[in-house]
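You will see subunit A twice below: alongside subunit B first, and alongside subunit C after that.
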Partner chain A sequence: MGIGRVAIKRGINAIVLIGMVTVINFFLFRIMPGDPTTMMISPRMTHETRRIILHKFGLDQPLYVQFVRYIQQLLSGNLGISFIYQRPVLDLIVERIPNTVLLLLSSFIITVILSIITGLVAAWKRGSKLDISLIVFGLTMHALPIFWLGGLLLLYFSVQLDLFPVIGVSTPWLKHESVFSYVADVLHHLFLPMMTLGIGNIGGLFLITRNSLLDVFAEDYVTTARAVGVPSRTILFRNVLRNAMLPLVTIIMLRLGFIIGGAVTTETVFTWPGVGLLIYRSVMQEDYPVLQGAFLIITISAVLANFMAEIIYGYLDPRVRYE
Partner chain B sequence: MQKVKLRGYEKSIIKFWSQYMESKIGLFGLALLIFFVFVSAFANILAPYPVGPKDGDSKAILKPPTSKYVLGTDELGRDMLSLILYGGRVSLMIGMLSTLMTALIGTIVGVSAGYFGGNTEELLMRFTDIFLVIPGLPLMIVLASILGATFWNMIFVIGVLGWTGTARVLRAQVLSLKEKPFIESARAIGASDARIIGRHILPNVLPLIVAQMVLNIGSSILSASSLSFLGLGDPTHLSWGMTLHYAFGVGALFSNFYWYLIPPGFCITLVVLAFTFIGYSLDQIVNPRIRRR
Partner chain C sequence: MAKKIGIIGIIVTIVLLTTSSITLVEGEQKYEYGGTLRFPVDQDNVIQPLTNVWNINLRIFALMYDRLVITDQYWHPIPWLAQSWEFSEDGKTITFHLVENATWHDGDPVTAEDVKFTYDYSLEHQTPYVVGPDGDAIESIEAPDPYTVVFHTKRTVGTSFIERLCTRVNIVKKSEWEDVEDPFTFYPTVGKGLTGSGPFKFARQESGQYLELAANEDYWAGRPYLDRLFSVVIPQHDMQLMAFEKGEIDIVWIRPADVAKFLGMEGVKIFKTEAAGFTEIAFNTRRPPFSDRQLRKALSYCIPRDFLIETIYFGYAYKNLHHLPPAYLDWVNPDAPVYEYDLDKAAEILDAAGYVDNDGDGWRDYPDGSTFKPELKCSSTDIDFRQAEIIAESMKEVGLNVVLESGSGMAFWDSIFNEHDFDMCRMGWTPDTAWPGEMLSWYTTSMAGVGGLNIRGLSNATLDAIDLEAASEADPDRLKEILYEMQMIIAEECPNALIIRPHALLAVYSEKFEGFENAIPFGPLSYLDMIGFMQLHLKGAVAATTTLLTLSVPSTGTTDEVMSVSATLTTEDGTPIEEVYVDFSAGGLIFGSAMTDSEGKAGIKYLPETEGDVEFMAEYLGSADYAACESDIETSSVSKAEEPGPVGPTPTPPPEKPDYTMYYVGVIVILLIVVVALFMRSRS
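Now for the complex of A and B:
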């Protein structure tokens, strides 16, 4: 099977998944006991307006009619109107995506670099004091609620030491003389949330890196290389790292979906105006169309990241292609 | 002197315990867990003050630590130390109850997928994949906000979504068990599926289930604290996550109420760490994939 066939097969799989997620997303918001339409209509309305709006949006129709309508609306890019902002949900989400992507990608790079370095050191010095301390560090990071870590960093560095701004993505109403001063301002705002999410996610990835390196260390070809006297450094870089990268790339990509969860709480702590903060606010204000739309977008992104991981894996590992 | 005869399972428990004793991380985790379970169980004796909504000291609102209130007070004038002691009960309860549900679903899905194979396996693993690919916390947020923020809803939401890891680990283990001679001979003498699963498969994967459960309690407590922090916790059950939610709510960050912010998060970290340490050490002993290295 060539890489093209694999891609098509995985692609179909991803499309089926997106379809299922869409269906789940439709029914999730209708499983409330009692009137299934309560979730879609703001509770602050009079009975009469409520009835008119229910009719206008087709919410008094049978479920299957509503479902067909929902799919039609989705395909034309309509995710509904926010109760609170009175604006299309899609617009609200799209204008916040760049902030979330910036936070996710920058923190992700920090996580990957730090956990590969620590994982490599730990696996190389297996069983040593350093290895044990790194494991304890990794497990501690795993146990730390990310939003609490963020709160502590904010309390110390921003409130007590006044080194970083406390909210937002840039200084409001500040006229920037050049692009550079704007970028510097954004980076200044980004630093703490990026470090929070970056360090907070190390735990799992560090352990996975260490374990997959140990798996490779146990392979026969590494033992052979050692036995014939190949220098350790050469073994490490030529044999071990190269072979361990394969499972690592996949796991790293798969964790994107997991990291999104941490982004919701981190954005909330730092008032970082991204999709996560939007989700938090829509929960607080019972703005269900926004919650439903944001959840759909997040899930589809996770499915796509997953799909990309599979393609990259198939590209790197010839065994997948020719099975 | 009479010689004590040990039965099979007693021998394996002794062997297991001696292996476990070698893990310093595991012993530390166990000590930490015993401490927290003890403190939470006797919270009503140990707590210096009651923590009901009307029990606050109106003359000591949001006060930093003093000799009277060693960890300070909250916005209702309640003693932080007492809030922490009672909060442990709620957090541990949520973690353990949702894990019971997780273990049950994960075992049923994983064992049936591994044992029956074929279409059953295909269907169940596809089902698992959906839950694996959907980001966990956002799905919990959606479910919790639809169902409403109550103690039992939170347990349900965490329990019904957290079983994928257990299912996958068990499926892999059952797949390799199925090929073992003792299972084949059981099948050859005409034992039913129910008997093979009940008498041979389940006892063999039990240690793995326990290790998964221990790890799951930790991650359930973490999920519960995230949900509570986001305002989806039960206001009548003051878990540590709920206390943190109120801390952020009264602006503890910007007003520098460090005594309100630090203790609940510290306790969450320590308890989850206890479970993570124990689970990690158990996994080193019982997970054949790790043991081989």
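Now for the complex of A and C:
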């Protein structure tokens, strides 16, 4: 079976999956109690005005009619209009994707680099005090709620030491002389949330790196290499690390899929105007067109990343055969 | 907006009965131009000047768009885009004369056609600003020449037309709006809806980050002093406080519990103004037994207001006993019945009405003997919930088995406003116009429908009839009579138990900006104070003459008795300084300001709420001609009023500020345990 046919098959699966999520997504928000229009309709309005507005948003139609309209709009790329912001949902989300990707991608790179280095050190010095300390550190980070870690960092570095700003992605009232000063301003704002997410997410990836390295260390070919006198550094980088990377790649690919979804808690703590903060506000105000749209986009990117991971995996690991 | 009619504050200290006079900029520059003021909002501003009614957006509309009439700090109408108007003999034709030098932000003149279009278009689409008796009264609008607009009405209209309708409708540009099909789903953009004629113009908006407004340098009434305004989106209140502390924003609204934290902060001043908003327990008069007026009265006697103010608001609230807040000055009927906290009286009424304990379980039952278990709904917001909790406890003391139910979000508001599914409900309201009859019309049958403001469902034919009469009354004396009668009827009907009026508390960096005193008593940046906004300016205007401020306060006072405080402002050689504002503070909190008279004397009244020493101070913030100065601190000792103080339910201790050291210690201990455990494991 060729990889092309596999790709088609998986692609169809992915589309079916997205379709299912869309359906669940639609009904999930309709099950929620309460009349969504309470938020957008002024108590001053007459009954007639209310009826007209409900009609404009199609909310006076039976559920199945609303569903058909929703699907029709989706197919033409229209995610609906936000009740609160009164703007197209797609615009709202797309505007915030650059901020979210900047934060999540940079913090993700930090997580990957740090967890591979620490995982390597821990596995190499297995059983030493350093290893145990690293495990404790990794477990603690894994267990710590990220918003709590973020809050602490914010209180200490921003408020106490006054090193970083507390809100936003840049300083809008500053007039920047050059691109560099703008970039510096953004980096200044980015640093704390990036470190919070970067360090806060280290736990899981570190433990996986360490364990998969240890598994490979126990393989016969490593023992053989040692026996024939290959230098340990060569074994580590040439034989062990390369093979231990496989599970890591899977996890990295899967996590990449969620980058667009943002980090709700971190973005809220640092008032970082990304998709996560939008989701938080929309939950608070029950602005369900936005939630529906955001969930759909997150689903699509996660499914796509999954699909890519499967395809790439075939190339990386010769043991994987598509049959 | 149900939810947004929260307790965002405005308004008048009881005090300032003197007529107001506002010095507008009008060509004469008193201070240097410049400065950027940053204030927080909890979400993006939505600039839909015809349809959006949220408080945070009204504030922006007032700055970007003009209205025919605006109101000053004391809620008096000021001619604005309409420089004058006259009513015809029969009261059915109103002619507005527009100012002739007003221009849109793009340079085109503002004409009568724009005004006519705005009103016609709003009426056609029934936007929230024109819905109601005033808008309904409009028959046709004419624009005979570019600076005259004539409204023809179906019936006689009165002051409510000017003060309620004309102070609310934002005038938009005809050429940008005439082809907009639906204002409810239309989102204005630059050159298409965002062009206003107000003192500030739209500069840019970044979703989720900020809205920037720039000074309109060609504003017809004179440009504002500030250059730029930033409405910074910070969803969480805690983060707003943090950003303020760090100086990333210049002003912030604070909660009573935060006052202590900011009182001592350098360069920071706290302004305390009495909000017009109030809280209530609404009774659902649609369903028995709350259709029984005697039961509603009994419950109204169960509100421990003093106790609530002390424990939940830390003293930053006033008792609310009248259906019109004192902010409306002489419109308030002093003879309307009030329901002071009195559990004995409540018990008496309940006994007489037959609500007695029949089955011996300790709780009162229905007169027919069946179990009575009224439900009290409230929003789950911390301060709301605790308020309702204490009131429920108090009702339990008279033997009513009250069940507290809290909720939030759509489902909650839906059950209150649309389904009317509640026995009692704790609500908060803020009026959005200056017309004194507005708050009373919230009790009429026309407001009792699905989604209406009269959630209590009160329906009183006399009240409905005289409400309509009020809307068409032009004579202030007759209007006062009508409103007095309305207050009488409402208080007798007792559709709700009034609770308190919270203060609006605002912390500002007064080291950086001046001019906030012009916005008191409204509270700067509350949505009606465009005038106050135009007066804000950077600190540091050059002053010519040194000034002296002498404060005089009574040396003793009692609680519940108003004290007269006055200050005299003179130059060093004793010449009085007239018609400037002096701020008064008690215990470091500014509670109001008053204008000096021809002798340089400014007087204000102060109501001490707690016993003990009060340190008063007066302050003059300075102008181009006179330097700022502070008076010496004068102390007066306040003793408890004679009358027996009301006794509240068992006091709950006030919440303590979280002490983070315990968190740190906790984490370190847990970490140590984990480390030790792991070491033990690795050894074994």
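Everything that follows uses one rule, which is that the second predicted complex is superposed on the first by the 274 of 323 C-alpha atoms of A that agree within 3 Å, B and C clash if a C-alpha of one lies under 4 Å from a C-alpha of the other, contacts with A are read in each partner's own complex, and residues count from 1 in each chain.
Just so we're on the same page, contacts are C-beta pairs under 8 Å (C-beta built on N, C-alpha and C of every residue); 3 or more make two chains touch, one makes a residue touch a chain.
Given the structure is predicted, the values throughout are model-derived calculations rather than measurements.
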{"item": "First, second, both or neither for A:135, with subunit B first and subunit C second", "value": "both"}
{"item": "First, second, both or neither for A:295, with subunit B first and subunit C second", "value": "first"}
{"item": "Touching partner for A:168 - first (subunit B), second (subunit C), both, neither", "value": "second"}
{"item": "Touched partner set for A:147, first subunit B, second subunit C, both or neither", "value": "first"}
{"item": "Which of subunit B and subunit C A:29 touches, first, second, both or neither", "value": "first"}
{"item": "Which superposed partner A:92 touches (first subunit B, second subunit C, both, neither)", "value": "second"}
{"item": "Partner chain in contact with A:268 - subunit B first, subunit C second, else both or neither", "value": "both"}
{"item": "Footprint overlap on subunit A, where subunit B in one structure and subunit C in the other make contact", "value": "32, 39, 132, 135-136, 139-140, 154-155, 159, 166, 268-269, 280, 284, 286"}
{"item": "Complex interface listing, subunit A residues touching subunit C", "value": "32-36, 38-39, 41-50, 52-53, 56, 81, 84-87, 92, 95-96, 99, 127, 132, 135-136, 139-140, 154-155, 158-159, 162, 165-169, 172-173, 268-269, 271, 273-274, 277-278, 280-281, 284-286"}
{"item": "Contact set on subunit C toward subunit A in their complex", "value": "1-3, 5, 36, 38, 43-44, 46, 48, 52-53, 126, 128, 131-132, 182, 184-185, 187, 206-210, 212, 228, 230, 232-236, 239, 242-243, 245-246, 248, 409-415, 417-418, 447, 449-453, 660, 671, 674-675, 678-679, 682"}
{"item": "Residues on subunit A engaged by subunit B in the complex (per definition of touch)", "value": "17, 20-21, 24, 28-29, 31-32, 39, 132, 135-136, 139-140, 142-148, 151-152, 154-155, 159-160, 166, 211, 214-215, 218, 257-258, 260-262, 264-265, 268-269, 279-280, 283-284, 286, 291-292, 294-295, 298-299, 302-303, 306"}
{"item": "Touch list for subunit B against partner subunit A, complex", "value": "24-25, 129-130, 133-139, 141-143, 145-146, 218, 222, 225-226, 229-232, 241, 244, 248, 253-254, 256, 258, 261-262, 264-265, 268-270, 272-273, 276-277, 280, 290, 292-293"}
